[in-house]
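Two complexes follow with chain A in common, the first pairing it with chain B and the second with chain C.
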Partner chain A sequence: MNATAPVLLYRIAAVAVLGFIVLPLAVIVWVSFFSNRILSFPPEGYTLDWYARAWSRAEFREGLLLSLQTALFASLASLAIGVPASYALARCKFPGRDVVTNILLAPMVVPGIVGGAAMYIFYIDVEIATEVQLAGSLPGLYAAHLLVALPWTIRLVTASLIGVDRSISEAAASLGAGPVTVFFRIILPVIKPALIASALFAFVASFIDLEKSLFLVGPGRTTLQIAIVSYLEWNLDSTIAAVATVQIAIIAALLLITNRYAQLNRAF
Partner chain B sequence: MSEIVLSDVCKHYGEIAAVQSTSLTIGEGELVTFLGPSGCGKTTTLRMIGGFVDVTSGRILVGGRDVTRLPPARRNMGFVFQNYALFPHMTVAGNVAFGLEMRKIGKADIARRVTEALARVRLGHLADRLPKQLSGGQQQRVALARALVIEPTVLLLDEPLSNLDAKLRHEMKTEIRQLQKSLALTTIFVTHDQDEALSVSDRLVVMSAGRVEQIGTPREVFERPASAFVADFMGFSNLVPVRLDGQGRGHLRSGMAFAIDGARSATGEGLLALRAEHIALSRAPMAGSSNSAAATVESLTYRGSFVDYTVRLDDETRLQVRGEAQAPFAPGARAFVAWAPQAGTLVEARPA
Partner chain C sequence: MAMAGIAPSAQEISRPPKWRPPLVRSPVAALVAPGVLLVTLLLLGPLAILLRYSFNRFVPGELMVSALTLGNYAKFFADPYYQDVLWTTLRISALSSLLCLVLGFPVAYFMVRLASTRLKALMIIALVLPLMMGNAVRTAAWMVILGERGLAAGIVGLFGLTGRLDIMYTEKAVIIGLVSVLLPFMILTLQSVLEGIDRSLEDAAGSLGASHGQILRRVVLPLALPGILAGVLLCFTLSMNAYATPVLIGGPKFHAMAPEVYQQVQRAMNWPFGAALAFILMITTLALTVGATALAQRRYRRWAE
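Up next, the complex of A and B:
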């Protein structure tokens, strides 16, 4: 095939960008098997020791567990709150709808560090006023992560609902279905791919969060991301590469499994 | 009893009247078509009857029961949507069964009635398919089966044929009419297509700008339009301003006079509606024709089996005339037009 110069350039650019996305991930996976004592090239040999070493450290084990728990909670809770909210936003006209939409999407555009600091200060103020301790508590952490996850659910589910033809709800109504039946038997099944996708993205958004957790984890607790940052402060060996590889594997597995049950590209 | 009565039904969106006070009765077992251009209020009226649009004022009665404020789910009406609105996640059988499940009917009964309903639209072999695996015509028939299986008191069809190609449209039109007749189902059919309207309906309701312009049988509406709008919409391509002299004659601007059946003693200004195909075009004056005039051919459009001409009378009045495709007139040629007194129909001049 004879490609003209612009087409050739376009292809080179496309491959370059893809490479830029994929290469760092490939390198970190590769490095995780190096036997070098500190992170360096070239590899002196290969080993699985770094994985064993990572697993042997309590902060990574407990961090992973807490991160998974928090992400699971954030994902499910943001579905429970986000789906009804999205339904109202997509289907009903009410004064201030745009304002509500923007508030719900705001956590996505507020820098994490700002949001984290704001929540911390807010929790402290609440504690002063009511003596309920939120900062450093598990519910406090969960609530913050719900905030990280919710915009994803709102955005994906609202977009999907707007795409659902109103007339299918009307058809169901004309056949005798009340509003609740229409919601559960028609709307939810039709937007299932978006529900699964938003659960996944909410999970990932929470799982990879560092900034909010930094402010809000209590003493003696750590999330995986915090554990990684703390470790990097004093060490530079392939343990971190092993932890990163495990993370990549978890998220990739989630994506693959989800894609089997719902074609994610259809959810957008 | 499933007579539909609209009494002074209005729909306003803020200041805008989508449907102005409308009263009409659709008899039991009758198929009535709401016909009009887009934005005329026909679909809004249908959706008010179906319960999807709130009525601003007025009442809707079905079989004597006031349904004006009932939610759609409690009206027991079969509604077929323009885009079919099949449930994409359910099979054909699932779609048809839905309305029966809502009625808490036993499983065995549902299965039997779904089978019957699908057989009626000749889709029994596709019961396990998903809607997206069906052609447009098949989807349309599923929508019809789904609306009919609940044994609705009335059937409401919103532009049901507009998404089908010409051949299928004709088939479905016939099929819908047969089903409707065999079930003696009171039916409202909404369309913007006069051909469709003429061939399926017992009566037409022609609407424009939220108002009913005319109610009548297809023949009445087609041959005796009640207004300039209806005449234009029903294909009267000539609306000629005339002054009536009270003796059954109309005068053009030039004073040229001709007989109009039905004009009788009417006086004042009016519009003579004439179909292009009812005006004869000839090279010599036609003997014995009362309404004849000399004209010049301005332009022509070849249409296959005929030719459409624009001709100009000597007083500048322009007429659309349909002629034979053989030996057509050339632009600029002199010719004579003629029409029978009963060919034209008078309508009121449009308000300025």
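Up next, the complex of A and C:
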């Protein structure tokens, strides 16, 4: 330890800054139980009514279901597309590998609002050309969320594959296993923790996506994030705090599961 | 052969007898093709279309007319309203990323040098959980705190003051929200760089009589410069493109670039101008990022000498 460091000052700074990051979430959970009709401090009492009220609003109920469904699709489809690509990136040398990596990570680099605008205009153009509706449709939303999830899978799975000792697969190959057997019987079991972690990360990334979805939701088909933002533009009460608390609980549970399989800070 | 698998060049196609489908020819191409095709079709292609549309002309009632004009860009730079939007966005982004650095550095240093392994693991969870909660929820939390009857007003009221706090819907409130949302990115970036700095360098400087301030300034900061730059640029880029915070905490009278892009493309259906806005936003961010990197590299070299 650096003997001259003013430990107490650092400790105070760390507590204050972490509080600044975490406490707002604690506050919104707290507020979701207030019995005050109009949101104000301090609370007059506590109630669970806001949860019932949030559930009774179609946009939150259906938004939550649509978001869960979309995130589940995005996370699984992203594994199906991302794992083979990650395998090629981590195990094979081929010309243009850097270009391919950059293309696959592009959805994370292009700002969400710009990517969303581009996809929206593209969808409308396709609709004009072929009369197939994409903007505001379920497949259109699924495709956008798959794009949001894909870079997470690529990053986490590639990193994990690079760490796999090549000699295990060579040993299996020397005993007569073909490349497909090696992949399914050796590689996949070894990187299972990374697969679970990336599935959960991709799920969360899709679940909380706001900017791309903003352009692609349609009437009667709204993700939870869009429902929250539209509600907040006109109202601020404990209903939204109850919705936020439900979301916090879902994501916290998923991330704590992930934390058992992978180091969370490695993902950023 | 991956790239050939995506776009076979004219040369390859002109050899009919030997030509086989790229997927058969190269297993690598088959592995990466679905992802590459998806991103190209749904993101890169549409971005190219967006760029092309930014040179089109907008005629009200007709969506747009194909043209090759810089009119949309000229309109942006001639209109004081949009210049103000860009300046506001640049100002809040610069301020919030610098604030993130100032607030984040001590925390990252504490995590790497002073905290126990257990405490560090807890702090990482405390940083990553909020990061993944989504900006809508985190912004909602700040609205509850900063709102007219929010927690901040309630606390002020306890001290017998008016109990009204006119901070919501101001630039200050937007910056507070952005800093809180972006701080975990900064701290995690700084943390990973500080982890790579050999602790014995600091001990050596200390044993030669350097104060902690001197050690930070002369040893840690120069070595951490790449991480500091990466963290600042990440926060800057994210706040340039922020949507939820400016819209919700800034309110209807606060205008930032990302909400303006949405407004033009989705609401006003003025695609050419919206496309121009999107590219002005991306190019401004990119130019500043590249410029800052070049500047820092020059300075870094001088520092290292």
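Keep this in mind: the second predicted complex is superposed on the first by the 250 of 268 C-alpha atoms of A that agree within 3 Å, B and C clash if a C-alpha of one lies under 4 Å from a C-alpha of the other, contacts with A are read in each partner's own complex, and residues count from 1 in each chain.
One rule holds in what follows: a contact is a pair of C-beta atoms (placed from the backbone, for glycine too) under 8 Å apart; a residue touches a chain by one contact, two chains touch by 3 or more.
Being a predicted model, the structure only gives us computed values, none of them experimental.
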{"item": "Room on chain A for both chain B and chain C (clash or fit)", "value": "fit"}
{"item": "Which superposed partner A:159 touches (first chain B, second chain C, both, neither)", "value": "neither"}
{"item": "Which of chain B and chain C A:189 touches, first, second, both or neither", "value": "first"}
{"item": "Partner chain(s) touched by A:68 [first = chain B, second = chain C, both, neither]", "value": "neither"}
{"item": "Chain A residues touched by each partner, larger count belonging to chain B or chain C", "value": "C"}
{"item": "Touched partner set for A:76, first chain B, second chain C, both or neither", "value": "neither"}
{"item": "Which superposed partner A:5 touches (first chain B, second chain C, both, neither)", "value": "second"}
{"item": "Partner chain(s) touched by A:13 [first = chain B, second = chain C, both, neither]", "value": "second"}
{"item": "Chain B, chain C and vertex chain A (Cα centres) - angle in steps of 10°", "value": "90"}
{"item": "First (chain B), second (chain C), both or neither touched by A:104", "value": "second"}
{"item": "Smallest distance from any CA atom of chain C to any CA atom of chain B, in Å, after fitting", "value": "16"}
{"item": "Of chain A, residues touching chain C in the complex", "value": "1-7, 9-11, 13-14, 17-18, 20-22, 24-25, 27-28, 31, 38-42, 81-82, 84-85, 87-89, 92, 94-97, 99-100, 103-104, 106-107, 110-122, 125, 143-144, 146-147, 150, 154, 204, 207-208, 210-211, 214-215, 225, 228-229, 232-233, 236, 240-241, 244, 247-248, 251-252, 255-256, 259, 263-265, 267-268"}
{"item": "Of all residues in chain A, those that touch chain B in their complex", "value": "165, 167-168, 170-178, 181, 185-186, 189-190, 192"}
{"item": "Residues on chain C engaged by chain A in the complex (per definition of touch)", "value": "1-3, 26, 28, 30-32, 34-36, 38-40, 42-47, 49-50, 53, 103-104, 106-107, 109-111, 113-115, 123-145, 147, 149-151, 153-155, 157, 179-180, 183-185, 187-189, 191-192, 199, 202-203, 206, 210-212, 215, 237, 240-241, 243-244, 247-248, 258, 261-262, 265-266, 271, 274-275, 278-279, 281-282, 285"}
{"item": "For the chain B and chain A complex, residues of the former touching the latter", "value": "50-52, 71-79, 81-83, 85-89, 98-99, 102-103, 143, 146-147, 150"}
